[in-house]
Amino acid sequence: MKIFERFLHIDRRIIFVLIFIGVALPLIWTLGFNLEVTENVQSVYDLLEGLDPGTRILISFDYGPSTKPEIQPMTIALMEQAFTSRLRIIAIALWPMGVQMCNEAFEKVSAEYPNIEYGIDFINLGYKAGGMVTINHMAKDFRSTFPADAGGNPIDEFPIMKDIKNFDKLGCVISLSAGDPGLKQWVMIAHDTFGKPVVGGTTAVQAPTMLPYVNEQQQLVGLLGGLKGAAEYELLVNKPGFATKGMDAQSVAHLIIIFFILIGNIGYFATRKQKDTLKA
Amino acid sequence: MRRQIPLLITFFVGTLIIVSEFIPHKPFGNLSTSLEGWFLIISGFAIILGQLNLFKVNIIKISRKAPNWPYYVIALVSFSVMVICGALWGTQQQPGLIPISDKMLNFFGYKPFDYIFKYIFENLSATMFSLLAFFMASASYRAFRARSPESTLLLVAAVLVMLGRTTIGSTLTGWIPDSLGFLHLPNIASFIMKYPNTAGQRAILICAGLGVIGSSLRIILGIERSYLGGK
Amino acid sequence: MRVYILLIILIFLSFTLCAQDITFTAADNTNDDGDAIILEWNAPPSVPEMIISRSIDKENYIEIARITPLLKTYIDDDNIEDGQEYYYKLSVLNEDGDIVQSFTASAIPKAQWFNTDKISLLIMTLLLGSAIIYFIFSARKGKRLYIRKISGLDTIEEAVGRATEMGKPILFVPGINDLDDMQTIAGLNILGHLAEKVAQYDSTIYVPVCRSMVLSTAKEIVKESYLRAGRPDAFNPDSVFYLTDDQFGYVAGVDGIIMREKPAANFYLGAFYAESLILAETGFESGAIQIAGTAMPTQIPFFVAACDYTLIGEELFAASAYLSNEPNQLGSLKGQDVGKAIIIITLLVGIVLEIFGIHFLKDFLATH
Amino acid sequence: MEILMHRIGIWIGVFLTFAIFSFLYKDNPFYKIAEQIFIGISAGYWFIYTIYNILIPNLFVPVTTDLAHNFLLLIPAFLGIFMLCRLIPSIDWVSRYALAIVVGTTAGLFFKRYLQSDVLNQLTATMLNPFASSNAVQIIGELLLIIGTLTGIVYFFFSKKHEGAFGVTARVGIYFLMVSFGAAFGYTVMARISLLIGRLNFLLGDWLGIIKP
């Protein structure tokens, strides 16, 4: 019965090592489990597909390098889709590190789309502080919130910014968000106050708390949650990348965790029975 | 004076912002818009304050030879290097005070500021948070035990969602016929997320929302003053 | 020749046909500051392009936008002045870009004194606002307001007792946000109660903080608690100390304390982010009883899973109000409870109405 | 040269990655060094970006190029400088004026937005006719959604003792909360594992070249 006692108190460093190996091996040898697209991810895709070519969309980069592995794949897949369907992207950031995340993603994606031109099809307006209040301000007076792009050039110089005074001329708002300020604030202002469709990509930490907004009022039209959301989107745009590759490692790591949960519970019930018999 | 005027300002500003929601007419609408524009600039200064404060605290610690003080020198140096690189040669889009030479650009491959960001900061930041993967694994092992009805629900929901959210779920129950599709693990996970999870989260959201309303009201009315410091 | 005539007739006919299909209107954009006009049109999708131009004198029209029939509306908010009449012309272009037809419309923008879309929001604002204000003021006047006991609070006394028995300290972490976060304030209120118990039992408490403003307030609170317990001499000012402002630096510091001192009980009450799990895991390793409380929605699950007792969301504030017995907090909580009652009733009525196919209430409340 | 600096950058990154991973064993000087570098660089980054992206375009440029139209911007500029006075304890009280505007604006906006989005809209989103669908799974789901939301709110009701029928309702509420915490935890495991995948991708790909990064 000693073995069950041991099940209860496994040294956590054993778990650490197994998780490390469990994540590393599938990265080297891919297993190729199959993936299914879920409803919330499909809604994001459909919303963007439904926009006319030339429509301008706002993408807010509300994350930094700490959550890059989760969110950057979404960014890249979304940019791919936007440029393929000739949507024009106005990028902003509510996190200062978001500006760099945007640059990195744009460099990577635009290499495949030689006719995408900065200032016409894409612009990076840089970082603004102030979270929800600033979103509310740009919804009423976009040009005074963003007088210049990230490089300090007046926005009047760029054709993509023509007539943009508030959110009226935008097709939709996408927030790629790792926390606060982020998607929640965009839902509250861009959709609930100004009626713009909002979709988002968030870390898997945030996603469960954002789900109440995905409802029939469409406070949030759709949601990409964590690496799985990103992998599903890569599947939709037909460009398997980092997220798809990572899903095998995810599966193995999850299996290891579930395995330890099982062991813990077996140990728990076995020793409890033993204690019960002793008491009797 | 030092407390009363700020309290009056808070009252005036807070009320104006709320009233402007219902009255779009001048002067309410445009005043609230200007205020929000000011907010951005003040927030900018607040961020600068935060960084300068860090600088100050570190200097004090070093000058007092606080425990571990040499480490704070490292923080100060990294801060200064970053600020100097950013100010002199600028960032990727932004030109700095002096133009960057092609030689330097070719040497680093990026501007110095971006080089530090890409190779040092990104790695540090990502690794810090990835530590959590290990803690998450060990926490699930020891916390998810079916001790009581509550913890059983916690455990079952967690395991079902974990299975359904990864590709194992679709592989394990892929053979289930369409007529019993609701037993397919990804569908079970979606069901839990869509209904019971949303119900619980929504209850929290509504009650927390009321909490925010209560505290905002107390702040606007000057009843809650802790933000001014002191009790 | 005939061919030409036929062609001309055909072109003429097609235009008249088109013309019958095209409508164009201009109107004041409602519920605004009188700074926008909404233009609407209906045109067959075969029209390649149209131009909207604007004039204030009916003569000099300036182009403001080029549009396709797919778009159904256009909001003109470019330097529109309240009360001035504006004339608009919709010019239909053919494939070659020549104007073949135009339509005119005019409108006077007007600023509104009340946004009619927001009636339900206003009603709710007034209802909730007055409930909260009413209860705050009646609590201030000395009315006793009942708050149910929060079950987790029993563990405070138990934990302090256990720590005294074992001769080990107690650790209190007030979260990583500053005093402007209500959660920090609530945590500090509970600290006041806890420190009083610690003083009574003659145990020790450690309070590492990560904000300088929190440091001075927390020190003050612990000192007062020792005074209330009648043991001001036992207060050690070094028991409340500042570590660092940085999230992970703070966690590393607190972890160090947990591993070295092995406290008998750890309290995590306040605002937490990603560090919640690291703290709770390290605390468990050291064998402490752990009591947590936070209103951070993303962190509650970790505390619930990893701690012995967790104050969930609003419970943190309720516990703070219950222990501090402060009329402002009690009154506010009571007012919020009235809000919850209103919501439960409205929700039940709404669902019954929906089941019977009456959508009035839902439509009224769902605004924007 | 560019390639050399790239390799050096990767090696620095690898060193720092292991310095931080060493915390899993225990707190140590390598971790502390890496952590302080992190703090310093992060602060420097915020500083530079705030100046380049906010203070220059939104304040400095408009005020210096066209003061006549933008003189009102001097108000937030002064308030911002007041804010900085917090660094000097003897006059830190002037920062309260700036703080009052910040707190007042936030409180006002939070009041109306939380009321709208988190109270009113959530309320109407739960006003469903669960029997409208012909799909049994959906009917059960929507019933659970309604019951869960209602009982969850009852759990957070503090003016009444949890006993009798009210206590049972609150009990059901806590069960729903537990399911939602379990689900959220299960969902979140993915987030942290993703970050580890990102790290291993860097170590195995960019550094060792075993896999294609």
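Labels for the chains are A, B, C and D, by order of writing; each one numbers its residues from 1.
Rule of thumb we're sticking to: a residue touches a chain if its C-beta (ideal position, glycine included) is under 8 Å from a C-beta of that chain, and two chains touch if they have at least 3 such contacts.
Keep in mind it's a predicted model, so treat the numbers as computed, not measured.
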Winner on C-beta contact pairs when B-C is weighed against B-D: B-D
Chain centre separation (subunit C, subunit D; CA means) in Å: 12
Distance from subunit D to subunit B - Cα centre to Cα centre, in angstrom: 2
Inter-chain centre distance, subunit A versus subunit C - centres from mean C-alpha coordinates, in Å: 20
Per-residue multi-chain contacts in subunit B, two or more chains: 18, 21, 36-37, 39-40, 43-44, 46-47, 53-54, 94, 117-118, 121-122, 125-126, 128-129, 131-138, 140, 142, 144, 154-155, 158-159, 162, 165-166, 193-194, 197-198, 201-202, 204-208, 210, 213, 215, 217, 227
Overlap residues in subunit C, where contacts from two or more other chains coincide: 121, 125, 128, 180, 248, 274, 281, 297-298, 300-302, 304-305, 312-314, 333, 339-340, 343, 366, 368
Interface hub residues of subunit A, defined as touching at least two other chains: 12, 16, 19-20, 23, 66-69, 97, 126, 128-129, 133, 136, 144-145, 150, 152, 192-193, 205, 208-209, 212, 217, 226, 228, 250, 253-254, 257
Contact graph of the chains (line, ring, star, complete, other): complete
Subunit D-touching residues of subunit A, taken from the complex the two chains share: 13, 16, 19-20, 23-24, 27-28, 66-70, 96-97, 99, 126-129, 132-133, 136, 144-148, 150, 152, 187-189, 192-193, 203-205, 207-209, 212-213, 215-217, 219, 225-228, 242, 246, 249-250, 253-254, 257
Subunit B contact footprint on subunit A (complex, rising order): 10, 12, 15-16, 19-20, 23, 33-36, 38-39, 64-69, 97, 100, 103, 124, 126, 128-130, 133-134, 136-137, 140-141, 144-145, 149-152, 208-209, 211-212, 226, 228, 247-248, 250-251, 253-258, 260-261, 263-265, 268-269
Of all residues in subunit D, those that touch subunit B in their complex: 1-2, 5-6, 9-10, 12-14, 16-17, 20-21, 23-24, 32-52, 54-55, 58-59, 72-73, 75-77, 79-81, 83-84, 86-87, 93, 96-112, 114-115, 117-119, 122-123, 125-126, 137, 141-142, 144-149, 151-153, 155-156, 173-190, 192-193, 195-196, 198-199, 202
Complex interface listing, subunit C residues touching subunit B: 31-34, 82, 111-115, 118, 121-122, 125, 128-129, 132-133, 136, 179-180, 182, 185, 212-213, 216-217, 220-221, 245, 248, 274, 277-278, 280-281, 284, 295, 297, 300, 302, 304-306, 312-314, 317, 328, 332-333, 335-336, 339-340, 343
Sites on subunit B touched by subunit A in the complex: 33, 36-37, 39-40, 43-44, 46-47, 92-95, 114, 117-118, 121-122, 125-126, 128-129, 133-134, 136-138, 140-142, 144-147, 155, 158-159, 162-163, 165-168, 170-171, 174, 186, 190, 193-194, 197-198, 201-202, 205
